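Labels run A, B, C, D and E following the written order; every chain starts at residue 1.
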């Protein structure tokens, strides 16, 4: 019983190391899949225990440091996300990895994520955060050094800011574990309310919140700090990206929730509220809103499949941040619900991209086309994923987006509501661009003999697609879990229905009526005359005959009009800003090296003399 | 349990028949009114029905693959689904679940189904048409979003039926300034959703010979005609419900008279909305797609955002 | 059931390298079966929605007029050559008749000159109305198009009374005109029609020419500067839109034009809007000319040159010689070059339609870099008539 | 699938009253199409509408003379149209070459290449003549004799033989491949 | 009336002709009537003559008209150019041998760019090959069945060709000289 949490956290790492050492083709896949399945099994088994007792607690003392781990409802949900999507990603990796190097670091990052979700004190939280970052960095390093460097730099920035924040907290509060920090800050807030001077001053709180925001913002891919995500997500083994973007970005989101848990009341007292939302939460929400729009629009303009889905996952994380930022109980539940659904359909999408890249070996849109006939299973999965991500009623994407809309708009936030609505349309836009360029239209001759998905990938995709559909038709399943976090019944309604007072959504009813609608259309269709299949070249081209040598599909630059309409805004790019800063720092270092540390001894002697002189004058 | 099921099924069938018939009449009205503006006689009012029967009765049809057919069926299915949610006087079925955001999404999803079918035909003209349709959708979403937000915040509920009920007592929603602004923005958006003149960029016959529709032959085009009819009916009904006060008549004794009266009032309001769209459509040339996007992101967005902010205060 | 893979397999067997031409662009055939082009095809190499390269592909309406004309007596050729440019078929008739008159040395009587000028101006007005209808259908203002076609019908009715046919009049023959003006009532009807069309012009301004969206659609599209226009042989309204005041009626006056006063509108932007506005002003000028002609009234006298040889037309011989004559049509400078070697059939007839310059190199140059939505607008602003190119 | 003979009169009436015209003005008669569609002669009273997409249209007006190059496009557009389709030829040029009887580039007899339902007289027939032709086609549809598309389907070999005799074997690929060298390489301007 | 002031008007044209002739001795020119001049230039000097015209602001090239003279065994090319400033039309006549291999001319595309289209037209119908015009092989108006028969030449027997190609015309054997419409 005691080391159950330890098993959940460390099995992936251990199996990873074993797989790395053994390095036998068939065996290491089996071990790694086992390594991902065991924590999932334990988590499912832990669900019963959680119904009886509020949480499972465990602590170890190593060399004077006391590491505590706690599994309660919120961390159980996030752990389950990591478990399910991690398992699917590992299954996917079974068919796309080429050497054992990737197994080691993929499972290491999985351990890191488990550690973060189950950690109960800041030190273990930070350690596992570093393990996760290191694991994912090594995965990217293997494929593309420059992308991994950019990712490494920003993660280091995040890690240092988090370390600094933990240091300040430790100095002020004196303890590291979450419960004591929460109590002391809660009392501090009460003391503030009563008027006596508080433990932490105003700009202390500002500093801590800023640092935590940067730390978690980097990982979640918030707007100003999102530049690493497109390169990191696309320059690595694609089925690992399913875990990378589906699960690891949830760590950033979990961090935001940690801010709420630890510092929530204190910040709310310190900075007050705008309308219903806490002021500090509104910052997160607004940045999340901008992330939706920026991520979505950039996704529509990409020419590379992986980049498109990288930007799209940034944009979806933006939804979650908006949910968290608004701060009402319903909106946080909606945000977590969207975290679950995002993990599901984004994991599914990256597995689909992995299949395409594995089978065709191409990643640019202009080299692909007409794969729907050749890869029917993958296309069926893509169809489910598209319906889910674009937010079409019967699937989970719509349930979580609907909850999010209602929560945000109910909190009287017109600007945020507008941003979210714009985001939902962008989902349509870049998905159809992807489907058109890859699945429909004229097939280049070299793609003519592509086979369908390998078995493990198919199973992985099957799991995620099934969950997408099940949680879509029966949103109540997830709602009951979410209500457990806050204890009270926020989302009422049966297993098929979400009822939040001012809005009701019934997944089952919509599916039934959609099916009847399609059946009616089908009846009209089949009453008509027989249908003759026609090749691609037998088409309307102003009456002219056309052969396969002509390029009949708009694969490249599909959204040129959008690019021209946004030409003014596209000039501002944070990616180039960071590159310029990087170059500026390099030049500064260059000048320093030339003039100050130029290596001849006389110069150093002179520096010594001057410093001594200053000290003497200063009369030290 | 069974009898209530059959009752619902029958009511649903009646609503569907009524909606399709009135939708075709609306299409006929559009063609006649435009013809009269052009100083010509114009076709009989039942012309769209004849067109659909002719299209459905074609003896040979072509297909470009499974998705080419399924996209069209999906579009009609989604429109029928959307129709069931919008309160039609007092006889709508899924009225309790008629949620603002759900209906707005369902009215856009047929566009997705048609895009899927058109693109799978692999015709460059269809590709160009879908590119324009998607950008129109993207452009339209911003003012539409703010209009829905304004409505939701003003009435503090998302259920269309409750909004209709609130309007019965407190008067039409366009009498209040924030919702008037939202209604103006929504009406410009409707111009694009009907595919009328300044924004019929998706199916510009002169430029890209009917865009996505270029590859749709006999029965596919017939199904799309039915979908267009129901969509016309659903969109005007939705607009007249949320902005022009819908109609819940309880004056008469028998319920049949009540429903007939409310349908009548609704019909008048729907016709008003339709005629506005026709008149605007008859006298304006066509935008190009980036001009339309810039236009939608400038004026209707400002109007709708102002409405939303005023409603939030 | 021909699926794509069979197509590819069969293409591979006969060794075709089937990778689409180059992956960055795709091909659109703005082909003959398209609402914007009347049986004239443009092959567009597109990237996104912009045209990368355009190739004009004429030749769908080629009937070999120049060869057929060598097998028909002089007067039958009028019935053949007028089919070159359909919207204004009086222009080819007039240039052919003027060229033959010049070779023979005939002096066309006053009344015939008046009638020829009136018929030419009526053809120009009806052709401009036809162009307004074309432009508004391409822009999307179907209302203005319908009205323009309706007003053109009034002129068609007048042509019917005068020449017996709506579109192909076969009316101006070498040596004058075929029939006299039916009656004075016809002149009053012509005056009323000119008044009516003049009163309706503001409608077109509100709907098309002063419309905010038309400005957005046509301004800065298909821009041509003066040097390019002159070197590319551009004539007519397209040339006057780039600032060159060249109008054949002023530069090389023929028939009654020296006595009529009308100004030649000139703009210098050279874009689609400038070309459209030039045509709009010229429509006004043509109506003003018709009014002057009607005030002047047809001079009395014969409507044909009195020459005994006209009695037996198949034997009618034209002395050897050649002549070039050209007329200002709505599309541009419409010229004809006739060579005769003394027999009863022309030796060589060459028709120079203005669209042979506008429709090929100028169009290909203007389309590069334009959006797909601008292609019909540019086509309509150049107003080229495909049979001119193919003859 | 289902046997619709019972509803055949309704379908015939619907086909009669909503003929959609392919907007392809092949010859000089194309100039009489706009007056027909607009205010004065208004064909929309009979439910007729010009339609740029051949997949949807069923009446194909061959307006005047036909050159071999246009005939290739006409045959391709004709085959794109779904089945109950009707062809109406304007003037004497499709019949026997009309004014261009001796021209090397005008088709002398259109009926050898695609089946024609109704031919109207007049060298560029007047709008009234075209409307009379359309009434004739409507009557033929009504009593079911407008079966040119059946004729085309039944003796397709004969039509194909004539077409190949005029254009040569495999003319579609040759025509399509005619432009590839010019689209392929970038010659210096 | 048209050529009333015959004397006064053609003086201006005569001045233009003399100005050009003194710079181009190899050519002869004459004034046909007011606003119509004519030059005859040997085939190989055509490019310098046209550059000379272009410099004396004869801007608009209207047409290149080939006329086939089978009994002289020559094709006469007439470059018709209109000058907007002088308001006169000039016809530059050159004669080249008629046989297909020998009917070759240098292109004038760089002087008057529009000439490229006229040259393609002349090549399609008369078989005159213009070196330097890279669009010569580009399909122009004629279909590929009539590609090398150059129909507008006088020796092309059209009626025979039509009878062979369309196979149905029966009014061929009539004598065409004296038929009455």
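Following the convention adopted for this analysis, a residue touches a chain if its C-beta (ideal position, glycine included) is under 8 Å from a C-beta of that chain, and two chains touch if they have at least 3 such contacts.
Everything quoted here is computed from the prediction, not taken from an experiment.
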For this session: Give me the chains shared as neighbours by subunit A and subunit C.
Result: B, D
Exercise. Most contacts: which chain pair?
Worked result: A-B
Exercise. Among the chains, which has its CA centre at the largest distance from subunit B's?
Worked result: E
Seminar exercise, completed: Most central chain, judged by mean Cα position vs. mean of all protein Cα atoms, is B
For this session: Tell me, please, which chain's centre (mean of its C-alpha atoms) is farthest from the centre of subunit D?
Result: A
Problem set entry | Whole-Å gap separating subunit B and subunit C, where each centre is the average of the chain's CA atoms | 44
Exercise. Using mean CA coordinates as chain centres, what's the subunit B-subunit E distance in Å?
Worked result: 62
Exercise. Which integer distance in Å separates the CA centroid of subunit C from that of subunit E?
Worked result: 22
Problem set entry | Per-residue multi-chain contacts in subunit D, two or more chains | 24, 38-39, 52-55, 67, 69, 73, 77, 83, 102-105, 179-180, 182
For this session: Any chance you could list the residues of subunit B touching two or more other chains?
Result: 38-40, 57-62, 124-125, 128, 131, 205, 209, 214-215, 218, 288-289
For this session: Mark out which residues of subunit E touch at least two other chains, giving numbers and ranges.
Result: 138-139, 142-143, 151, 158
Problem set entry | Pairwise chain contacts under the document criterion | A-B, A-C, A-D, B-C, B-D, C-D, C-E, D-E
Exercise. Contact residues on subunit B for subunit D in the complex?
Worked result: 31, 35, 38-44, 47, 50-51, 53-55, 57-62, 205, 209-210, 213-218, 221
Exercise. What residues of subunit C sit close enough to touch subunit E in their complex?
Worked result: 55, 57-59, 62, 64, 66-67, 71, 76, 102, 230-233, 235, 244, 246, 251-252, 254, 314, 324, 326, 333, 335, 337, 339, 347-348, 350, 352, 356-357, 360-361, 389-390
Problem set entry | Residue numbers on subunit E that touch subunit D, as the complex places them | 134, 138-139, 142-146, 151, 158-159, 161-162, 165-169, 171
Seminar exercise, completed: As the complex stands, subunit D meets subunit C at residues 22-28, 30-32, 34-35, 37-40, 50, 52, 54, 65, 67, 69-70, 73, 77, 99-100, 102-106, 123-124, 126, 179-180, 182-184
For this session: Provide the residue numbers of subunit B that touch subunit A in the complex, in ascending order.
Result: 12, 16, 56-65, 67, 69, 72-74, 76-81, 84, 94, 96-97, 99, 101-102, 105-106, 108-109, 112, 115-116, 119-125, 127-128, 130-132, 134-135, 137-138, 140-142, 144-146, 148-150, 152-153, 156-159, 209, 214-215, 218-219, 222-223, 226, 288-290, 293-294, 297, 304-305, 308-309, 311-312
